[in-house]
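Presented below are the structures under discussion, each in the form of structure tokens.
In the two assemblies presented below, chain A is common to both, partnered first by chain B and then by chain C.
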Partner chain A sequence: MIRLLVRRLLTGLATVFFIVTATFLAVHWVPGDPLLQDKGQAPEVRAQLIHEYGLDQPLGVQYGVYLRKLARGDFGISFTQQNRSVNDIIREHFPVSATLGLLALALATLGGILLGSISALRRGRAADQATRLAVILGISVPSFVFAAILQYGVSELNQRAGMTVLPVGGWGTAAHLLLPSLVLGLGTLAFLTRLMRSSLLEVITQDHVRTARAKGLSERQVFWSHQLRNALLPVITTLGPAVAALTTGGFVVESVFAIPGLGRYFVQAVQQLDYTVILGLTVFYGTFLVLMVVAIDLVYAWVDPRIRWEHHG
Partner chain B sequence: MADALIPMPHEDFAPLSRQTLAPRAQRPSLSYWQDAWIRLRRNRQAWASLWILFALLLFTVAGPWLWTLDPSEQTLSRVSEPPSWHKEALVLPPPAPYREELRSGWPEAPATAVDPQTLAAPANFAFIEAPSIQGVRLRWDPVPGASGYLVYRVPERQPADSSALGIPVGEIQGGNHVSFEDTFNLKAGTYWYSVVARNGDESPRFSGLRAELVDGIPLESARQESASAQPGQRVRLQSHPLGTDSLGRDLLARLIRGARVSLFIGLLAPFLAGALGILVGGLAGYHGGRVDQLLMRFTDFVMALPFLLFMILIQVACGMEAGDSGIPVMLLALVALSWTSMARLVRGQVLQLRQADYVQAARLLGARPMTLLLRHLLPNTLGVVLVSLTFAIPQAIFTEAFLSFIGLGVVPPTPSWGSLCNDGIQTFLTSPHEFVFPALLISLTVLAFNLLGDGLRDALDPRLRSHP
Partner chain C sequence: MSRPLLEVRDLRVEFDTHGGVVQAVRGVSFEAHRGRTLALVGESGCGKSVTVQAVMGLIPRPPGRITAGSVRLDGTELVGASEAVLGRVRGKRIGMIFQDPMTSLNPTMTVGRQITETLRRHEGLSDTQARARAVELLGQVRIPEARTRADQYPFQLSGGMRQRVMIALAIACNPELLIADEPTTALDVTIQAQVLTLLKDLQRERQLSIVLITHDLGVVARMADDVAVLYAGQVVESGPAERLFEAPAHPYTLGLRAALPDPTEGGRRRLTPIEGAPPDLFSPPPGCAYAERCPAAMRACATRLPPLWELEESHRSRCWLHHALAEQPAEGPLKGLFRGRTLGA
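Our next item is the complex of A and B:
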């Protein structure tokens, strides 16, 4: 297990390094001048700024400086808001995105496992048909369409009720979380339901399940300890990419629901060509995702003994 | 013993023809693709999806010839119009110049302080001339003690009390100014107008008036539709079967135009990415060893990049000049980031097939590496590749829609389904059709590709071949 952890972490580190390099090059390849926001700048001020941001040095040196700072966990200072560091921005806005993402993930995972199981166990019946229809719709309708429909429905509801039953946008209370996390989670929910269904259908026909039944276990025991556990494996492997989809999918949801999360901040930074923020947020997200994938790998190894043994040999 | 010879006719020793003895096959044998096609046709969902996609293709390719309206032409008198086929409108006479009514001999403001709560409701609240959507002209009698008036407007419902008067459309200074013309964003239908006297604060008493606005178009715009239009006539207006957007552009024409952009990106990007993926995966799988290690490590790295973030980053990095549509850059970004899954898939397949007997046989017969790869290995991965491609297409359409929706994709004025959605959602509450139609088209396209992908996967899966 330790060896597996070390190996995964090393690959993860290499990946992060690759992401940093690719992002750094991409950002410095961008045409235009990030410091030209203020047109009436005196040349001395401009020269001072260029010097302070290290833009007068060769690219290699800048890269070295950036890596050294990054190793200390310093993402630099925003170009457009010169009194704010990228670390501050992350500290302020990431919890919002993370809360939303985790809630959506929980919703998608639990819902997906539940619906997928029901669909597989009731194969061919009404519940199965309904779930499959819902899944294909969930996969085919973009989340911003769901968001619009939900917002419209809920605002109608609020109007009918004459009070705010559920807020349709903004941030602050727990009630604000419900709609956006629902919208954010729906796509993943549909995907996981589908995966769970097909995986459970495959497990159901296997010999060990028949054995379990033959030795007299109740249907409930067969399901919980023989079918579900094995059917969950493919679901767990896709959780890594699912986390990725949820954190970056937040872009749309955050802008539709007016939520002050990191995704919205990233979009804004791109529009303002705020290079340090773009760079910092990409590296931050990339690292976060890599760590998530490593974590999921470990969970997978913990759940599936075969993988642990493979790496012991 | 009569050793009589049994007669043996010569014909008995003639060889039989081969034909008669050969067993007849019951059914003609089917090739892999013929079988897949038959099974696809049996799948009702997949077959319907194929037809939907065919219709969409027709919509995209033939659309501009069948519906020749210019998607960028703005008609500002007809903004955010709901879908309608046959539309006529009354040609309105050009309005007479409006002159404000001043009550002579009436003071501008009362000489002494007046409590606004005691102000009466203005009497004789009436129209100066018949209201039309070109303008509603109102007049009323002056109220003693008033220093000005406020005119409110609310659509449809008659206001029950002074808190439900609607939006203030006019603020008139001076107690002797007793008329107002409302021209603000008038639509055909019923409005309730109210006028309130004020002196500092407003009086709680108001006079109400119901205005029934008939739809019509100003003479000037009518002349654009038909040169001989006269006031009082009804003219047939350009029909907009799917309505117009917030700038008065025909939505159907824009959707057709947007389909070209969205489907162009949605189809071409997966094909190019697929080709790149097949190349990388094929090479890695065929060569194995070092090359495989190197290529696959690189693939892993690219796969680990946060997709949407890098989509945006690449687009920014490529820069955009004024007049660019953003389509080539988006294509490039999509291809650069989405070839990886195809590469992995093809590599796995090739690795498996490389050991197959028929490949060994081909190698023994002296097939060159390129022949081996192109004739024996890659064609046999085609089924999986095709399935993966049908699932990559909706993904690409989605990505384009997402990015255009948050304003980082295709740049206006070029319409794409995503940017049409983005435009439409701004006015979703007042004119939902602007959002609903593009959203419906995206969903329908993606749904059709998903169902087709499902059907193809079932049809091409060799494990399912024997029992359809």
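Our next item is the complex of A and C:
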């Protein structure tokens, strides 16, 4: 287990290094000027800024400086908001995105496993048909459409009730979390439902399930101790990328619901070619993704003994 | 003989498929006696596996269903019995071994736990008791270092070892009947012999009845006291094993024997295959299912199903040639076979 962890972390480190290098080169090769937004800038001020940010140095030197700072955990200062460091931006706004994302993930995972199981166990019946239709909708309809429909419905409800039953936007209380996390998690929920259904359908027909029945176990015991665990394996593998996607990819949902998450800064930074913010957030997201994948690998090894033993030798 | 332990009467099983309804088992009857081994013999698709799954109540519904017949275990009817009743029979009174030990064990559970699961279910043992019993069982099926093995997963064991685990699992709760569905087909020859010896020994020690499904006549010769030959979802011949080997009465059994090499001939004879293929079970023929491939088929064979004639004590055969008025084959392998073995209408 330790061996597996160390090996995964080392490959993860290499991945992060690659991400840093590729992103660094990409932002610098993209045409444009991060210091250009202020049209009335005096040439001396501009020269001063270029010097301060080290843009007058050769690219190789800039890269070296960036790596050295990065090793100390310093992502640098934003080009466009010159009073804020990228670290501050992340510290302030990532918890918001992460809370929203983790809640969305919890909804998606539990809901997906539950609906997928029901769908598979009731194969071909009404519950299955309805779930499959809902899955197609969930996967194909974009989240902002759901967001709009839900907001419309809830604001209508609030009006009828004459009070705010549920806020349709903003941030602050637990009630603010419900709609956006539902909308954010819906696509993943649909995807996981479909995955769980097909995975369980496959497990149900396997020989060892027949053995479990031949032992005299009840249907309930067969499901909980033999079918569910084995059917969860493919679901678990997809959770790593899903965690990262949901905790970091909520830009659309964040903007529709006016939530002060990290996604907004990322998009702004790309539009303004804010080198340090683009780089910082990409590296941060990349590291987060790598860590999540490692975490899921460990969970997988814990659930599936075959993986665990493969890494013993 | 006393009342049989397992008595299957006129069992019929159908499956819904995209192509229509398959009549997989079409009126199978046989009995298994205490302390004896009954071999169900037949080629792939003849309904032998479906028959024993029906005995265990393991036919998946849908698409399958038992449409008629009865299965009695020591007098208790199992067809139509509740899940609660069947749950106390499966694993407790009837143990079952499957063909492929690679896939028949749960890959994510230690073999020890797979055994304790059934012990806790039927014997009400505590975790520690069940664990001790599981290790003991693994020792009884001759797995070395049983204590260590109990904590391992199926993928860490060889095929032969896994099949021993399956056997330990099947006999864990001291069943009266052991059903073994092609237990050695997936194993290599030396391991096959060891597993068969183990089954024989367990049978002697525990007075087990065994229903053994196989298509391997070598296994039948080695293991069986009684044999039932299945063809296209029906029993075509049944009786004591020596009788069926020495004096087979049904043209299909005879055909099977002719398709085997005979060591006394030194391998000079060409093996004689049975020409053709078994009938389509979507629309089985009204008469004898073997008529189309039978060298001695008569006109009546195609249209009327022959009864299972009782030729002598417990030796039965389903063939019109046993009829007193049937014209006996004058040449070929069946010549003279039915002389003195015909019965009245």
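Just so it is clear, the second predicted complex is superposed on the first by the 309 of 313 C-alpha atoms of A that agree within 3 Å, B and C clash if a C-alpha of one lies under 4 Å from a C-alpha of the other, contacts with A are read in each partner's own complex, and residues count from 1 in each chain.
To be clear about the criterion, a contact is a pair of C-beta atoms (placed from the backbone, for glycine too) under 8 Å apart; a residue touches a chain by one contact, two chains touch by 3 or more.
These numbers come from a predicted model, not from an experiment.
Room for both chain B and chain C is found when the two structures are superposed via chain A, with no clash between them.
Note on chain A: of its two partners chain C and chain B, the one contacting more of its residues is B.
Of the two partner chains, chain B is the only one that A:V27 touches; chain C does not reach it. Within the superposed three-chain model, A:L217 lies in touch with chain C and out of touch with chain B [touch as defined at top]. When both complexes are overlaid on chain A, the residue A:V267 reaches chain B alone and has no touch with chain C. After overlaying the two complexes on the shared chain, residue contacts for A:I139 are found with chain B alone; chain C is out of touch. After overlaying the two complexes on the shared chain, residue contacts for A:H208 are found with chain C alone; chain B is out of touch.
When the shared chain is aligned, chain B comes close enough to touch A:V293, but chain C does not.
Contact with neither chain B nor chain C is seen for A:R197 once the two complexes are overlaid on the shared chain. Closest contact between chain B and chain C, by C-alpha atoms in the overlaid model: 7 Å.
On the side of chain C, the complex with chain A involves touching residues 56, 58, 83, 87-92, 95-96, 98, 100, 103-110, 114, 117-118, 121-122, 153, 155-156, 166, 169.
Contact residues of chain A toward chain B in the complex are 11, 14-15, 18-19, 22-23, 26-27, 29-32, 136-137, 139-142, 144-145, 148, 152, 155, 244, 247-249, 251-252, 255-256, 266-267, 270-271, 273, 278, 281-282, 285-286, 289-290, 293. Remark: chain A residues 206-208, 210-219, 221, 225-226, 229-230, 233, 303-306, 309 touch chain C in the complex. On the chain B side of its complex with chain A, the touching residues are 300-301, 304-310, 312-314, 316-317, 319, 394, 398, 401-402, 405-408, 421, 425, 428-429, 432, 435, 439, 442-443, 446-447, 450-451.
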